[in-house]
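Pasting a structure below so you can have a look.
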Amino acid sequence: MATNDREEPNLGFAQVDVDRLPRTGDPETVYGAGKTAEQIIEILQHLRRAHPHRAALATRIAVNDMDQICAALDAEQCSRDDVAAAVLVGPVPTARGRVGIISAGTSDATVAAEARLTVIAHGSNAERINDVGVAGLHRILAAQHRLDEFDCLIVIAGMEGALPSVVGGLTGTPIVAVPTSVGYGASFGGLAALLGMLNSCAPGVVVVNIDNGYGAAVHAARVARSSDPRSRDQGRAL
Amino acid sequence: MATNDREEPNLGFAQVDVDRLPRTGDPETVYGAGKTAEQIIEILQHLRRAHPHRAALATRIAVNDMDQICAALDAEQCSRDDVAAAVLVGPVPTARGRVGIISAGTSDATVAAEARLTVIAHGSNAERINDVGVAGLHRILAAQHRLDEFDCLIVIAGMEGALPSVVGGLTGTPIVAVPTSVGYGASFGGLAALLGMLNSCAPGVVVVNIDNGYGAAVHAARVARSSDPRSRDQGRAL
Amino acid sequence: MATNDREEPNLGFAQVDVDRLPRTGDPETVYGAGKTAEQIIEILQHLRRAHPHRAALATRIAVNDMDQICAALDAEQCSRDDVAAAVLVGPVPTARGRVGIISAGTSDATVAAEARLTVIAHGSNAERINDVGVAGLHRILAAQHRLDEFDCLIVIAGMEGALPSVVGGLTGTPIVAVPTSVGYGASFGGLAALLGMLNSCAPGVVVVNIDNGYGAAVHAARVARSSDPRSRDQGRAL
Amino acid sequence: MATNDREEPNLGFAQVDVDRLPRTGDPETVYGAGKTAEQIIEILQHLRRAHPHRAALATRIAVNDMDQICAALDAEQCSRDDVAAAVLVGPVPTARGRVGIISAGTSDATVAAEARLTVIAHGSNAERINDVGVAGLHRILAAQHRLDEFDCLIVIAGMEGALPSVVGGLTGTPIVAVPTSVGYGASFGGLAALLGMLNSCAPGVVVVNIDNGYGAAVHAARVARSSDPRSRDQGRAL
Amino acid sequence: MATNDREEPNLGFAQVDVDRLPRTGDPETVYGAGKTAEQIIEILQHLRRAHPHRAALATRIAVNDMDQICAALDAEQCSRDDVAAAVLVGPVPTARGRVGIISAGTSDATVAAEARLTVIAHGSNAERINDVGVAGLHRILAAQHRLDEFDCLIVIAGMEGALPSVVGGLTGTPIVAVPTSVGYGASFGGLAALLGMLNSCAPGVVVVNIDNGYGAAVHAARVARSSDPRSRDQGRAL
Amino acid sequence: MATNDREEPNLGFAQVDVDRLPRTGDPETVYGAGKTAEQIIEILQHLRRAHPHRAALATRIAVNDMDQICAALDAEQCSRDDVAAAVLVGPVPTARGRVGIISAGTSDATVAAEARLTVIAHGSNAERINDVGVAGLHRILAAQHRLDEFDCLIVIAGMEGALPSVVGGLTGTPIVAVPTSVGYGASFGGLAALLGMLNSCAPGVVVVNIDNGYGAAVHAARVARSSDPRSRDQGRAL
Amino acid sequence: MATNDREEPNLGFAQVDVDRLPRTGDPETVYGAGKTAEQIIEILQHLRRAHPHRAALATRIAVNDMDQICAALDAEQCSRDDVAAAVLVGPVPTARGRVGIISAGTSDATVAAEARLTVIAHGSNAERINDVGVAGLHRILAAQHRLDEFDCLIVIAGMEGALPSVVGGLTGTPIVAVPTSVGYGASFGGLAALLGMLNSCAPGVVVVNIDNGYGAAVHAARVARSSDPRSRDQGRAL
Amino acid sequence: MATNDREEPNLGFAQVDVDRLPRTGDPETVYGAGKTAEQIIEILQHLRRAHPHRAALATRIAVNDMDQICAALDAEQCSRDDVAAAVLVGPVPTARGRVGIISAGTSDATVAAEARLTVIAHGSNAERINDVGVAGLHRILAAQHRLDEFDCLIVIAGMEGALPSVVGGLTGTPIVAVPTSVGYGASFGGLAALLGMLNSCAPGVVVVNIDNGYGAAVHAARVARSSDPRSRDQGRAL
């Protein structure tokens, strides 16, 4: 006598909220952690059928599953990013606005790559500025002139998480800070960077969960795709 | 023999960064906590002289000092908000864009008021939607139709901090969540609300420090004043 | 010379409190974590002999041990739930009252399944309402009319753990909240959800340990099996 | 120029959700912490007018405000409890079911008194068993025979919070545990008791926030007032 | 060119403090965690040569290394305890005094076994009372008459760690409490039990680190081997 | 209508467990924190009547209440300690055994004084060794020869709490460590000292709650008054 | 009968370790927190007598006690710093080496002042660079050319504590970072800054306790007064 | 269509800041954790080409990769330390000054070895004093006469981390404390040792992150290589 009552529809193992697009303007995303390749493929195919004109995103895929998932999908429509361990399937919307993705160190590359693909999936342009951690200040200063050219900035750092404070003092562009779990000992899995960013002395820095490149990108893409390009051209002064 | 070496300029007790306006487009703000009425007055007057065409803001003023500070300033140019314990002095910039400030309970009023005055100081319009905590869901649902009309939302809640997740499921407008220290026991001074917001299941929710209505407003005003009004009219769908 | 003094009875490796049934009305449960398949089988058989008229429950069984354990037991009397990794052996008592088990996301399925089997083992009926997380509010609202039909509700959520607060605003049915370890980063293994539920703004929400579907079900079944069915029919108003 | 926009209705300083009674069957409660006597009086009078046939409750009143508040209300309808610093105004519903309130030490008296008045306000009977902490086990054992006579138990303890585990081993009556902030040093304001209760080895113990006698009572009264008296008479065995 | 400067004596990989016996009266103990079987054997042999008349103890040995280590040592002098993953080699001193080792649940068996062998190594008698957790109070009450017969008690419990408080109310015998890492979720690796024991309402309960059966046993054996047997016979009253 | 149901016996405000002396051999102690002078006096008088031949102890008395309390009690039988803010009333039992109380710094004096009076009340001798913190190692080394002369040692330290580890390396006498809240910043109210002592590299160090001089003394006095004086004379070696 | 046994020498209320100067080369310092003006005066006079040729330092004096303490001491030899709430009495040693004290904001002035006076007391020169927080990066960049001129740097910051990382990228001079308790909410009393500094991505940053300007200065002065001036002149390159 | 945009130079997987040497005088170090053997080899070769006259350091190499890495490098110029899991490649600068590396226990050997190789790479001499933990005080006392002969001390300890406090009381040489993750239970991965060292009662102790032998060595080498040898010869007294 089996009592397992999970008599759910075909995709019973996952919540597929196909109503989210009209409600919020954002595509549904498959959070791949803990899901098998088969499950991810099935959900992506379901989402593709529900919204054929809009790409679906899958993040945090097990590295070993990337090939199988991409092979099962329409290759022409499939953008994969192996550093991010993420895949985007279907027609990407016309990009509006510009999001700058700034990362402190090479260890933050995974989070930055996830943010980049998510920005694209959410309808904005993404450009990366890498390896500009505060211990070599000349690097971020060399990029300073570019900071005002974006509609929103995503600033990613682990360890002490100081980069958003420094960037925040150099520009009036809205900033989303992403703490990463890069570090050891008293970093406590990214807690040090998280607390640092929440206490930033630069006004207006907002923060997302540790390693949450996806969440930062959703916010940044929303901001960028609604921005008036003239506000960027005029500088940030009122 | 006194060895106190603090031979600093007149406002030596406070850091007055009059260069911040051209660099970031934002006015300088006096963080009043721990400062005397005399110090706050002196800094505000200094900022008024440096930037006569742009209002200066002072927040977290001791309640008992509000009258003295406002009396010392030019009454015609002085906007005070006693709930926020904040004051705005000088000509406010022409407002662009719209920021919605949504608060869960009456105890969050202080933070909401600080956010409102800060949005105004940073050049955007602020409208409040009060007392729509999730324990009485009909209240936020009654305001649902208004959520898409804003360029950015500030969502304020203490205790479990669930309101941003609910609002995030109802609209694609960018959301800044502010946890407040309202609560007791296992709220640990707002930590419960902070962690809740950082782990929001609604994508794209970004977070600021506990009770930091000011920081949320700086970010939201930057977003709103750069928004293209048409993006608001078209709904959030791409 | 071996000095191991564990001269205990046959089941020395486990505490078998066969006196618990008359004392509390509840069956003994084998907490399977850290036990071998052989140990679990032996305890279950011992409990079956001690109380032939009442089913015994084993939870948190290693996935790979499920087949071996069920094969060793009387198949006709054995209810297994592979999602819960739990098994119920023996005659189930006649169910009294109704427990609703509400879960926020698919990742909470393990906890919900453990709760369901435990409710059955403790003499009440269990019905599940799945995937009604607060980021898509229409889902829980669609189920609102059912909430008053239960004698007790178990509400399960990870991440920010907001669902019990929302449900608590929609019904007067007693609610037991279960935080799950679903999440990452600042969820700190379920701590964020736990704190959120303990600080719920909906009055009367009670909480159990992280992932403790079993404990919530014991409480809920006790409440439901003692409920007067008329109180359910009359609605919650006094 | 004053910019304070709080042009709210008369009770703008407080959220008065007069719709809660039909929705959940529970009366509205005024959480008095941080409110003036005048505010509490005004809200209570408003609630009395909205629901003349149902008593309203105010908790966590400043000790010095108790006299003023009670003097302003109709004395015949006003039940005050000075230990709880709470007041109940208006006709109390006919009590159904029985809630037992068990406290470990005299320092827990405030929480126990708040729980008692809240149970009454929510339509059940409340009886207290005081000073039965586990360091003198004979005391709770002397009360053991009474434990099965209740429909729900509220068990209150500070310090290590062990009492619910002991009570949970003696009866099958549903138990709500309340940790209190009684203690010092490594009690961390009640955290030790909270964690202890969440990890109780007695199955089915559910927990509320530190010092939250009110929340425990709302849950317990809901359970007790819906209980079938016969389940109590038959003992807990199925 | 190798620069590794660890030119230490033969046992350079381990600190062998052969002076500890005369200084404190206690034997040296090898903390086996992180050491290879070969290293443990070598240290034990070294200690045996230094103090041929006194047994040496090795704890926290990898389970798979137990056979190899015992095979390498003089079988007649070797006491092994596989539950404790510990071994005692050499002549055990004549035992003085009596230590009672009380454990709450079967999962605490490892810690209790480590405590037992350590007590023996440190010159006292050890007797165990198992599986007397507070959720089934009749079990510890059944053993109550024995509590006064010991010179020191070691009380071991995980989860909420309530057992020492209950035992502390039943006897005046000195009590050392050992929290264990048994539990999950909000037990935080034994933190809940540790905090509970530190806040015990029973006076005089002292505590050691999580899972530290060794440390508790060293203290208890010191107390017991110096006790006057008459104090035990006279009961605890002064 | 007053509903306050606290119809308790005369001393209803406090738990007076006069049965504790025969059960554990220890006197009842009044924990004075949060109690009025009148309440403390009444309890002490009650305890004096219940056990005229045994002194009662009151600790953590408000400094300003010391005079009033001592004036109300029989002066000849009243030992007061103003540093400890504690008082002992009635005939002290004949002291057996010796407890050494070692404190690191002058700021630990309050805890040391509480421990001293408690040891006396519990029937042992107390001697203090003050101001021997590890930053001036010559001080504790100068007292080293005395360490073996005690039956139990109480070692008190704040800040990093290193003193018990050092003392534990110098003697085999049983040691109870007391962390104090002396410190600031990352001492987190004594947490640093508490964790340090729990992780002591000296075997056999047992620990009590922060600032809990009372608890350490109860344990130490129990150990000392049961010790065989010959074990002290023979040194610690087996 | 008074039992207070504190029969200590004249300065029994404080530990006066007059041996510290020859042992470590550092003067004794009176930690004034929790001491009365009379006690501080007495200790300082005692230290002056013991070491007439070396100044003694007192820190963390209550603001209201500064006048009384300085009046009681030899005015010609007394250096007071009211911002630091500290006083230095007696002949200051000839300064060797140079310590730079860099602070992020005006709120850090107290800690910076304590560090400055402590450096002087410990025999080195102190120069301050104020208000160079990272949110206005031009300020620290303007001081960059001076950083190599010091033998040791003390870098002080609250909130996110990012300044040491930035300074650490600009110079090879040894850096001691001091986190301050400046901040609110998720700064948790300076914890955020402390963790940030411990996780600094700039190599070689060492850290002291929150607000511990004194400790940083002792270390920095030791480094500076032993430095070879030529190493400063040659730059930091090897 | 692959969208991976990481079009970086050859060493795109790692940040190679070849400008650091002239800016700070320190060599670049490869933090090997999470890098493949191939990546580490490539970076080291790149650094060797950029600075042929200065050795490059790689730390935290996977144990299994040590042989492959050393085989790929010029054997004559390659110093490997297998305990540290680190390698130094290229000509080491002429050592100036002396750094003493003191470790408490054998488990701290990894951190001590990393510190030793880092000191050499940064241009100073390193000498180790091993296994002098405070539980056997005679060991550090035997080395006391050597403490003043160093220009800087690195003191390494896990568990309670008391050794820096003891060393700090014996010498005036600057001390850098390194907490290690050695311990279990309430050591919380080195947190106990970290907090202990931050709260050291010995003045002037500075601290680095848990297990951060590298960071301590960078600071210590900077201090030592700039020290005037005469300051060492004269003792520490001013």
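Lettered A, B, C, D, E, F, G and H in written order, each chain numbered from 1.
Throughout what follows, a contact is a pair of C-beta atoms (placed from the backbone, for glycine too) under 8 Å apart; a residue touches a chain by one contact, two chains touch by 3 or more.
On a predicted model such as this, the values are computed, not experimentally measured, just so you know.
Common partners of chain B and chain G, by the touch rule above, are A. One finds 51 Å separating the Cα centroids of chain A and chain E.
Centroids built from CA atoms put chain B at 26 Å from chain A.
Centroids built from CA atoms put chain E at 44 Å from chain D.
In chain C, the residues that touch at least two other chains are 23, 105, 133, 136, 169-170, 185-187, 191, 194, 198-199, 203, 209.
Contact between chains, per the stated criterion, is found for A-B, A-C, A-G, A-H, B-C, B-D, B-G, C-D, C-E, D-E, D-F, E-F, E-H, F-G, F-H, G-H. In the complex of the two chains, the chain D residues touching chain B come out as 1-6, 8, 13-15, 17, 19-20, 33-34, 179, 181, 189-191, 194, 209-212.
Residue ranges on chain G touching chain B, taken from their complex, read 75-83, 88, 105-107, 109, 113, 116-117, 120, 128, 130-131, 133, 135-136, 138, 184-187.
Across the interface of their complex, chain D is touched by residues 21-26, 29, 54, 93-94, 123, 151-152, 169-176, 194, 198-199, 203-209, 214-216, 218-219, 222-223, 225-229, 231-232, 235-238 of chain C. Chain B contributes residues 104-105, 133-137, 141, 159-162, 165-166, 168-170, 183, 185-188, 191-193, 195-203 to its touches with chain C in the complex.
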